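What follows is a set of structures for review.
There are two complexes below, and they share chain A, which is joined by chain B in the first and by chain C in the second.
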Partner chain A sequence: MARTRYLARRLASILVTLLGVSLLLFVMLQLQPGGPAEAMLGITATPQRVAALNRELGLDQPLPEQYLHYLVRLTHGDLGESVIFDRPVTEVIAAALPTTLKLGAYVLILSGMTTVSLATLAAVRRGRPVDHAIRALPLVGLGMPSFWIGVMLLFLFTLRFQVLPAGGLQPGLAGGLRSLLLPAVTLSVAVSAILVRSLRRGLIDVLESDHVTAARARGLTGARLLLGHVLPNAAIPTLTLTSLVFASLLGGAVIVESVFALPGIGQLLVDGFRRHDVPLVMGVALLTAAAVMVVNLLMDVAYALLDPRVGLR
Partner chain B sequence: MGRRRRAWAGVGILLSAVAVVSCSRTPETATPAELVVARAADVTTLDSDTISTSREGAETYGLIAQPLYAIDADGELRPVVAESHTVSTDKLTWTFVLRRGVRFSTGAPVTAADVKFTIERARNGPLQGDLYRGITSIETPDDRTVVLRTAEPDSWLLFSLANHPAAVIPKDLGGMDEQSFWRDPIGTGPFMVDRWEQGRQIRLVPNPNFQGQRPSLASLTFRPVPDAQTRMLQLRNGQADLVEDVPYAQAATVQADTTLRLVEVPTPTAVFLTLNTARPPFDDRHARRAVSLAIDRQQLVQATLLGQGRPAGSFLAESALGGATPEFGVARDLDAARDELAESSFPGGFSFEIMYDAADAQVGTAVQVIQADLAELGITATLNGTDRNAVLAAYGTPNWNAGIADITAHGDVGYVFQFYTATNGLGSGSTLIPEVGRRWEESKLEPEGSRRLAIYRDLATLIAEDAPQIGLYNPPRIYAARAGVQAVEPVDPTGALDFAKIVVK
Partner chain C sequence: MSGIDVAAADGPVTGTGGRRVRSVGLLIGVAIVGGYLLAALLAPWISPHGPLELDVADALAVPSAEHPLGTDDLGRDALSRLLHAARVDLALGVAAGVTAYLLGTLVGLVSGYAGGWLDLVLTRVMDVVQTMPVIVMIMILLLVLGRGPVGIVVALALASWVGYARLARGIVLAVRNLDHIAAARLAGLGHPRVLLRHVLPNVWTQGFVFLTSDIVLSVGAIAALGYLGIGIEASTPEWGQMISSGQAFLATNWWLSLAPGLAIVVLGLGLALVSDALTDRLGSR
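Up next is the complex of A and B:
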């Protein structure tokens, strides 16, 4: 019962936060110089043509009225009409979202595998050269910008070895895995760089704890000890960090989708900003804000499930 | 084997499979007759009115639908859906006879009713409707005849009718709703839409009912690849057969590669410096002329276009229909610039700010060259790199000094003068040179093409000498293709390619 109340409260707070985000976004986008009409008409925009187009786009209404209309439509799941795509924003986002979701899942799998293996190796070989090498990785991973890593990987694997496609999204499961491998590796480098350090610290702490010593005394060793007793406890702080990394992952997707020509929501955001497509930018930004908050909630729930000391209240 | 061990073995097999699938060699994605083109941007809409905001949309639509008359690569008008036309002596009534046997991609014949519907829809377009609002009535005495009446003589009418909104579509959109129709528009052009996946590709196939010579391509696929380096990689590894917007820095490398070919096409685009003549310092003609004479345009072409393209003397590109390069200012003349400055209200020099789109690296280089050129004259230019929309918005205010702008003239440049005499950053000079407005009105009444173009050349010279807009350079469009892609030629003066003629060997 307490858990249900907790979830309901958190979901309600997400809705309130989204309302605040939508207002903030709306105000910020209105503060941008120019408008969609100027962007569409370019240098030949006359005041008359701008006014006519604003009327056509419904932008001649007072701003509070425009925002209220937006909210009313939002309650019906209508995010408005994209100016550049000339069709509903929901349709435009629905077409782009699967690509970003697939990329995100790929990144989580790759960075999860990398993080667990490297952090475990570093923790088990603590103080040895391999540990020092792995601890240096975050400096390298965070020191290289995503676009640079992406371009280097492209040159290496598409031109030098010619084993992977140079951008674009190929059809089918195999095509998708091939197309998304380099973008996923590009994003995983930075994500793993952050998580390895955190998980290594957690593993070392847990490995030195009394309950692990007791488990060892009971004869538990190797994978059983690691997977059954060490990792679940050591992963808790890393899980919290993962939810923060998720937000930066979305930011990285904007650049990576551009370099790898992936038709995801990062690309939509760039196009929307560039061409002053307010409904599209609002739609994408609200969606990503909601995603970050939901992931945060899920991480908190996972935290409570992994650590019985933590309650959902 | 325990359950856990089996599970790990399963994960291992899955990961190995992913690795094998991921690292197997890239297959050739394009067979010889299927042309894949990597473009800088996606086709976001094919609606004949709103495509004016998307070069990619406009050029794709141009392959699907055809107008009554079209402008060819030499800038000449040629009849397409129309067979001929006549104009009444009062120049107010235009009678078009449609070509026999022209059919839509659905197989339905094109009739006068379709043309009437098309022009009426074009007239209501929020973005390009202005081009057609002078048409007061449209009559269709029979299936092959369309009679247009205009409120006043309009010498550009054929050019307006050659624009995309007037490309003929079926009456009442062939019974489809707006959204469905513009996802798969029906026209009479050489291609039709086969598949359109947002952000990924738009695939065209030959129109079986096309009246002209059928394209030799089995299909034509446009893929958006925003990053220029990635586009070039796609060309080199065979994912694309042709790429658009080759970076100038890579032109020499492509030229040196025997497996590739470089195609450079002049465009009707001019990049220019527009000055606010309503406030100091550029309300002073001598100050404007001093700036124009002090800029080394040859150096600009070297620095920004790496030697490709041409220096510009006008805000209308030389290769635009009716465009010209007036002599004033094209060659740098520092002595003449000093004389102009001495005659101005600011003989000791002055300061001003140049706004430009900070996201445009080419323009970023150009403003630095201009800044250095003007410094030699004692003029201090402060650079304000900002968002493109912020620059456009600033033109609507009285508080700006100067900005970098570009304009692409589609068809007859007379319509650009229309904006010049009307408004904003482009039009601030009209009140300074009354003759521009007068002669522009005169050009509207001049039906004879060569005489009209002569007026435009005079207007361009007048504006260049008064320097409210200072031409800088004309950037070309650069394409790169695999060596087997042949007949890569422009279809019109915009530099768009004639994909119907391209042959892949």
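Up next is the complex of A and C:
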């Protein structure tokens, strides 16, 4: 019961925030120099064409009415027509989304593996040189621009050693795995840099706790102790960080997709921005905002399910 | 920016050994950051060539005594451009960071101190801003503000003030019920006075520590815009734009893209060392 109420309240809160995002985007649309129509048509537009497009888009009506209109269309899943593709924005996004989702899943797996192995190594060898080295990694990793890491990886693995494709997305599972490897590694650097320190801390706390001493006394050692008793508990605080990381991961994907010429939603956003396709830019922005909020909610729920001390309140 | 305080996950280093390591770290950090500031200030005098000086006959030259980092595809000296880019990237990054710091701290103070409906509205606004990745928010704002230096600084600040606001709001909420603040209010000091004298100093320093770790993210965002070709005007020397234009010549002149990226990484390292040492010294968080 409490759970249902919690979920309902969180969903309501998400809707309010989304409404805020839509209002923000709508205001931004209006504030463009020359208004949306002129911005779309470019500076060479004649007044007649601007007026015609204004009528077509309903931009000659009062602002509050336009906003309501915009909201009604949103609830029907209508994000408008993309100017550069001449197709509904939802269709354009739906075609690009799988690429970005695949990339995201890849990053999740890679950064998960890196984070767990580095943090475990550091925690088990606490105070030794390898621990200090791993703790120093974020100092460098966090400041590294993702696009630069991408360019350097391109240089090493496609030009120097020529073992991986230079860009674009190849068909099939093997092709996909190969062509998404470098972009995924690129994005994993920043993600792991954020998560390693937190997981190491969590591991050390759990390793020193009574129930691990008890498990040791029962004769549990090595991998069984680590995987069965330590990691699941140590991962909980890091999980909350994951939702923070997700937003920056999405932002990173925007840039990294451009580096590797991947046809995902980040690429759409950049193309849309360059060619002033306002409905497309707004659609992608709305989608990223919704995704961030849903992930936050999921993380909160997972947190409560994993840690019985945390209630869904 | 969505700066995440990694130092917070570790807690202060205890013992004299840790303290000494931190002091060395601070020293190295200050030296690095100082070096960048000097390079940026003195760029016109220490650069071997002008940053816009074309020499097409000598395009894509390999590093030599004449051109220590070689030349780009238009024959411009890469080192000179790198040094001049420090001016652009640092100036814009610091301006955006400081603007976000001031704006965020102000909003956070008001929100935390006022409470009630104003706090509710302001935290909602923070939620809205933070649901979008910084780079997406910047692009939306740039559609309106235009792509000049001022537009970029304002867009970046408007996309990244929330971290400071949440920090300031948190401190105000924690501090407003402390004994000496409550005593000051009971003694009849007005709200602005209590805010200025007793709460602000604490907020100010902690926000500054956050700023030191945040500036490299601002620089990274500016470079990302430059890389995507939607930032500052293309002929202006800028690190991200240099990485992008060097990418076409990776096979032969890989150093053209390597050097500007290293410049950002080393700057980030210097700032992170300073920030870690400050966090430790001020015992913040």
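One rule holds in what follows: the second predicted complex is superposed on the first by the 286 of 313 C-alpha atoms of A that agree within 3 Å, B and C clash if a C-alpha of one lies under 4 Å from a C-alpha of the other, contacts with A are read in each partner's own complex, and residues count from 1 in each chain.
Going forward, contacts are C-beta pairs under 8 Å (C-beta built on N, C-alpha and C of every residue); 3 or more make two chains touch, one makes a residue touch a chain.
Please read these numbers as outputs of a predicted model, since none were measured by experiment.
By the touch criterion defined above, A:G251 lies against chain C but remains apart from chain B after alignment on the C-alpha atoms of chain A.
By the touch criterion defined above, A:Q32 lies against chain B and chain C together after alignment on the C-alpha atoms of chain A.
In the superposition on chain A, A:A285 makes contact with chain C only, not with chain B. In the superposition on chain A, contact of A:L181 is made with chain B only, not with chain C. Once the two complexes are laid over each other on the shared chain, residue contacts for A:L169 go to chain B alone; chain C is not touched.
In the overlay built on the shared chain, the residue A:L154 is in contact with chain B and with chain C. Chain A residues in contact with chain B (one complex) as well as with chain C (other complex) are 32-33, 39, 151, 154-155, 159, 258-259, 270, 274, 276.
Across the complex, chain B is touched by residues 32-35, 38-47, 49-50, 52-53, 56, 84-87, 92, 95-96, 99, 113, 151, 154-155, 158-159, 162-170, 174, 177-178, 181, 223, 258-261, 263-264, 267-268, 270-271, 274-276 of chain A.
Here chain C touches chain A in the complex through residues 2, 4, 6, 9-11, 124-125, 127-128, 130-137, 139-144, 146, 216, 220, 223-224, 227-230, 240, 243, 246-247, 250-251, 254, 257-258, 260-261, 264-265, 267-269, 271-273, 276, going by the rule given at the top. Taken in their complex, chain A has these residues touching chain C: 16-17, 20-21, 24-25, 28, 31-33, 39, 135, 138-140, 142-149, 151-152, 154-155, 159, 193-194, 197-198, 201, 241, 244-245, 247-248, 250-251, 254-255, 258-259, 269-270, 273-274, 276, 278, 281-282, 284-285, 288-289, 292-293. If you check the complex, the residues on chain B that touch chain A are 4, 15, 18, 21-26, 29, 38, 41-42, 44-45, 47, 50, 52-54, 126-127, 130, 179, 182, 197-200, 223-227, 229-230, 233-234, 236-237, 239, 359, 387-390, 392-396, 405-407, 416, 419, 422-426.
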